[in-house]
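Listed below are the structures to be examined.
Next, two complexes with chain A in common: one pairs it with chain B, the other with chain C.
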Partner chain A sequence: MASKPISSGRGGDGRIAFLLLVVPLGLLAATLIVPMVSAITISLRDIRVIGSDGPFAGLDNYARVLGDGTFWHALGISVVWVVGNAVVQTILALTAALVLNEKFPGVRVARVWIILTWIIPTVVVVIIWRWLLSPSGGMVNPLLIQLGIIDRPMGFFASGPAAMTSLILINSWRWFPFVAIMLLAGLQRIPNDIYEAAAVDGAGAIARFRAITWPLLQPTLLVLTVMGTLLSFNVFDIIWLLTAGGPAGGTETLPVLIYETAFKAYRMGDAAAMSVVASVLMIGLALVLLDRLAPKETAR
Partner chain B sequence: MKRGPLGWLVLALAVLALAFLVLAPMWLVGTSSFKLPREIINRVPTWFPRSFTLQHYQKLLQTSAFPTYFLNSVLVAASSAFVTVVLALMAGYAFFRLEFRGRDLLYRLIMVAYAFPSIVILIPIYLMFAKVGLIDTDLALVLVNVTFALPFSIWMMRTFFASLPRELEEAAAIDGAGRWKTVVHVLIPLLRPGIAAIAIFAFVASWTEYLFASVLIISDAKRTLPVGLSGIIGQYQIDWGLLLAGASLSVLPVVVFFAFVGRWFVAGLTEGAVK
Partner chain C sequence: MRFKGHALAGALALTVFGALPALAVTDVKIWHMEQPPHRVQRVQELIDAFNAANPDIKVSQEPQSWGEVYAKVPAAMAAGNAPDILFAIPDFTTVIRKAGQLDSVADFVKELDAQHHFIPATVEPYSYDGGVWAVPLYNMSLNFWYHKKMFADAGIAVPTTWSEWKAAAEKLSKDGVVGVGLPANKQLYTDQTTYAVMVNNGASELFNADGTLRFDNPKTVESYAFYKDLYKFSSPDAANWTWGEAEACFASETCASILQFSVISTYDQQGGGDAADLGVAAVPHADGEKNSSTIAYSNAAIILAKDAAKRDAAKKFIAFLLEPENYGKFLNMEPGLFLPVTTDGAKSETFWSDPLVVKYKPQVEQMIANSHAGMLFGFTGGHVFPAIGPISAQNILAETLQKVVISGEDPAAAVKAGQAQMIEATK
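Up next is the complex of A and B:
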């Protein structure tokens, strides 16, 4: 193939394409597709010893898992987690994206370095916020007292709802710059002429946002909502390292419950069953979101 | 568009608030890692250090397993980044430069695979790796990290391939350079920004990865930073000085890496829309 021209006609690149794709696609097949299929077979078995297949159990694992309140409780917690993150991150990211879309000295540096919170390891995010929120030496309590928002130090992880709120804010702190950069890309695709025409017609900043930015940003927001839902549903480490699902199960999302079931209680079959149900729900949700939200936006 | 004094004021306040939100926590952690223990846990925290010590770094580097975790992480992250770049280049060339049957379908399939919850494949991967003896090996982590980074990397490659006119390669072909020579001498040098973007993405992703590392690695000597550091958090009484020093050192490599290639990463993330 040494001296062949670049393009040898339609369908003529099949052999080279195969050679190039066999390793990357083979790896993805072995580590993504095979495990996904075997998650289903594992969920149908009663595995007690690692390395043994265990007897076939039919739908017993599903019956046990779905008949147990902990699964539904964790699903509810996951819904709160996903919705909370979507709301907080969208607000923060949209604000940041609008700011970064302006021209000001240093904006090019800001557009790159805003993503700083996203490139640092989760375990570092955990250390940072555990310390900042701790009663010994943490900066957040004194700052909130100084600003007059609270009048005595509060326990950010003392109750279920408090811990959930803290977790959502911390996770959003980590993720909002990533979303902001994606939104910024969407903002920059809106032609400047439209804004200038609107400004000539006397539309103020807020009117321009409502009439131009918001509607034209809908496709980007839709994609990010679906992506964000899948990504934040998956988040495990930040929750596990900060609260481990506590206090009293108040932050026990489905991934935390699945992890505990598999690697603390060693009930692999049950955990696999839960993860299969969770994926079906997530894929269903993604499809519904794309289907329900998309036509309305394009019709506008 | 013209901006009045009020506009400038609002913008300036927003920029400052944003900078504070992102940078203040980093500043506090970085500077506090040099404070004496009693200043770190003082009831009235200080924005600017009043004491200076290297004792936390000394303890971290001399008496804890942190250096081992750090080296393991560098090894795993660098290998993952390298393999991801090679595989993404191969796949990128096939998807964005070649014509073959089923190309679009395959490409879409890869993107869909990314949407599945990672927790679903955790259990099967663990059982599968246990069967073939990959548990407690660096290779296991590299395989998993590459798998997670690859689909997104192929997606990012699209922008960089699209930014290069095919005429360049065609011209080289006319000059008598074969396909292989064209790729090595023309395409790859021009794709450097894309390679940088993928490398930093894969490096960061594996530098951060906790879930699989916590399950697939068993012996302490093979732990990577996230799991190792989280073990230090859990130990007896929390030694904040030690943790803050560990946190600061863990951020350092990705920040240095990012300083060189960060803008290419943002370009790849946004399909080149952000200038």
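Up next is the complex of A and C:
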């Protein structure tokens, strides 16, 4: 006897699908659309302190923000931050995933061990790295001096470039395991017989990587690139806790600038205008990435 | 039969007491920025004592960070979730006053003054626009702290002028030791050290008497240029420092000297605690100046509560703190850092009998002496300039310093840009 289907008619399926969609769509509306509409509304008014009111300003806030070098400087810093993280995390994660895809004693432990940095709370990561990198009492400076790389303690957050490099490395250290696990899942979906056939044809390890691994990892890499770009762009906590955008604005990404404008300069209208512009940029970038990086249908 | 009688009596008692109205308790929430655990603990001890003596009031504390509080309080006020008592400093009070409707506490301060006699300079920064906006609680002043032995070994006398200070910093900077720990973070601590240098070069006034800005002047430029010279002998990570990092540097003897309000507690716990080796002096002054000055200001309590019962309860708690017996304990939540704002508090037995105060009595007396020559940006020359609020909130003094010492900008150009930024901030 055949088992009875969960829903016997198209109408029933449609109703269930509708009900299942209503809840997430309602939540999306509440948590995404409402704040966005609110941000757009605030961006059109000259509101200073949060919670206060202000006169209608039209597009004045947008004109002021876009005409101010600070916004473009922060956008430039954000680009450096996103690209730096993408490059470093991809290299680290791909290397780790390729190693973890091999069979060696302890590989199971290694696969669990690697995610530890990812599950540590941001505040703890910040405390660990501030202590490690401190010129007075930290462990990294004495190590570098002993190795002869530097001759005196250096400040890892003493200048804009140094602070940005340190931040990218720390953030990558934290997040590359997540990317590595995703890539590992992608690697394990590649059928082994393709590698065996290539080996029979005399393909070496590099040739197998270029002809098989890299192309077949593209869908996973696409998802990670889009997700990583959006997530990296919006990172606030680790930057704020380690450098607060300093020194001298050297790590002041757009989210940090928006926070400072809203809550330190008390210019909610300007901050909202920046947020709207940033959202438009991110949506545009995500669409471009999806279009450019998505595998194209081969013409028949 | 006997059991039955007891049961009846018990039931009767339950009925009677159950029928009594529950004692109404007024909750009072305090936000302060004294985050170190031992300070939180001391405040809690005082709260517990107060709550025990006043069962109709329940005071609780929620420590906050100076880094976030400028953002958090206006947001909390807008959300209707503000504390009932907020600890503040003068410039922060101007921000809070602008963000919400504050009620003057002039009458309450007058009442407290009659009992405890406030030092007038501690009330002045909170008195303007026809009201008094906060109750002074404790005073602080920035000092020059140094390791006596390091200076003696190097054959250096305690500097009193800028040229002596620079020479000392240079001579002491060797073998992994930095001559002077100075911050360059875009944060309140750097605002304070920068201003401490400025006031020692006759650049204490940020405003003209009419309220226009006069930050951009040759004395300020000279002060920033000198800070840049001195910063070469600071720690490589000083661009990220707040007060704690400076104290740690001093306690670990990596810094031969620092500018700090007090180091006594950390020095005693982490720096060996040799009272004879701990030196404190006035911040050195420019060679053309005659006397040293410093940044000093009183911290105070703002009553944000609107509800009459909560306001009364908040006043009762503040009055409790200022009672000499409690006040000494309160000030000694960080012995040596917090100085009295009342005449009877300055004589409080509980203040002077604290073991750390006894041990470091000469240092504490020197700090009190230094505080007499203290000033605060935006509250100088007998004027109060509420426009200082947004300038301080955005740390423009510190941001200008970063341009000079980190980005290598010309001090004159950076100060000019700083003034333009201040004008924009106060629009």
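Assume the second predicted complex is superposed on the first by the 263 of 300 C-alpha atoms of A that agree within 3 Å, B and C clash if a C-alpha of one lies under 4 Å from a C-alpha of the other, contacts with A are read in each partner's own complex, and residues count from 1 in each chain.
Please note the rule applied: a contact is a pair of C-beta atoms (placed from the backbone, for glycine too) under 8 Å apart; a residue touches a chain by one contact, two chains touch by 3 or more.
Values in this document were obtained by computation on a predicted structure and should not be read as measured data.
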item	value
Partner touching more residues of chain A, whether chain B or chain C	B
Chain B versus chain C as contact partner of A:Asp46, first or second or both or neither	neither
Which of chain B and chain C A:Gly245 touches, first, second, both or neither	second
Partner chain(s) touched by A:Ile258 [first = chain B, second = chain C, both, neither]	first
Touching partner for A:Ala205 - first (chain B), second (chain C), both, neither	first
Touching partner for A:Gly137 - first (chain B), second (chain C), both, neither	both
First, second, both or neither for A:Asp60, with chain B first and chain C second	neither
Which of chain B and chain C A:Ser159 touches, first, second, both or neither	second
Common interface positions of chain A, toward chain B and toward chain C	50-51, 130, 134, 136-137, 259, 262-263
Chain A to chain B touching residues, read off their complex	1-7, 10-14, 16-18, 20-21, 23-25, 27-28, 31-36, 38-39, 42, 47, 50-51, 95-96, 99, 102, 104, 108, 110-117, 119-124, 126-132, 134, 136-139, 142, 173, 177-178, 181-182, 184-186, 188-189, 195-196, 199, 205, 230, 233-234, 236-237, 240-241, 254-255, 258-259, 262-263, 268, 271-272, 275-276, 278-279, 282-283, 286
Parts of chain A lying in touch with chain C, wherever the complex brings them together	49-52, 130, 133-137, 152-160, 163, 242-250, 259-260, 262-266
Chain A-touching residues of chain C, taken from the complex the two chains share	67, 70-72, 74-75, 77-79, 95, 98-99, 176, 184-187, 235-240, 245, 248-249, 252, 254-255, 390, 393-395, 399, 402-403, 406-407, 425
In the complex with chain A, residue positions of chain B that touch it	1, 3, 7, 11-12, 14-15, 18-19, 21-23, 25-26, 28-29, 32, 40-45, 47, 87-88, 90-91, 93-94, 97-101, 103, 106, 110, 113, 115-128, 130-131, 143-144, 146-147, 150-151, 154, 166, 169-170, 173, 176, 178-180, 182, 200, 204, 207-208, 210-211, 215, 225-227, 229-230, 233, 240, 243-244, 246-247, 250-251, 254-255, 258, 262-263, 265-266, 269-271, 273-275
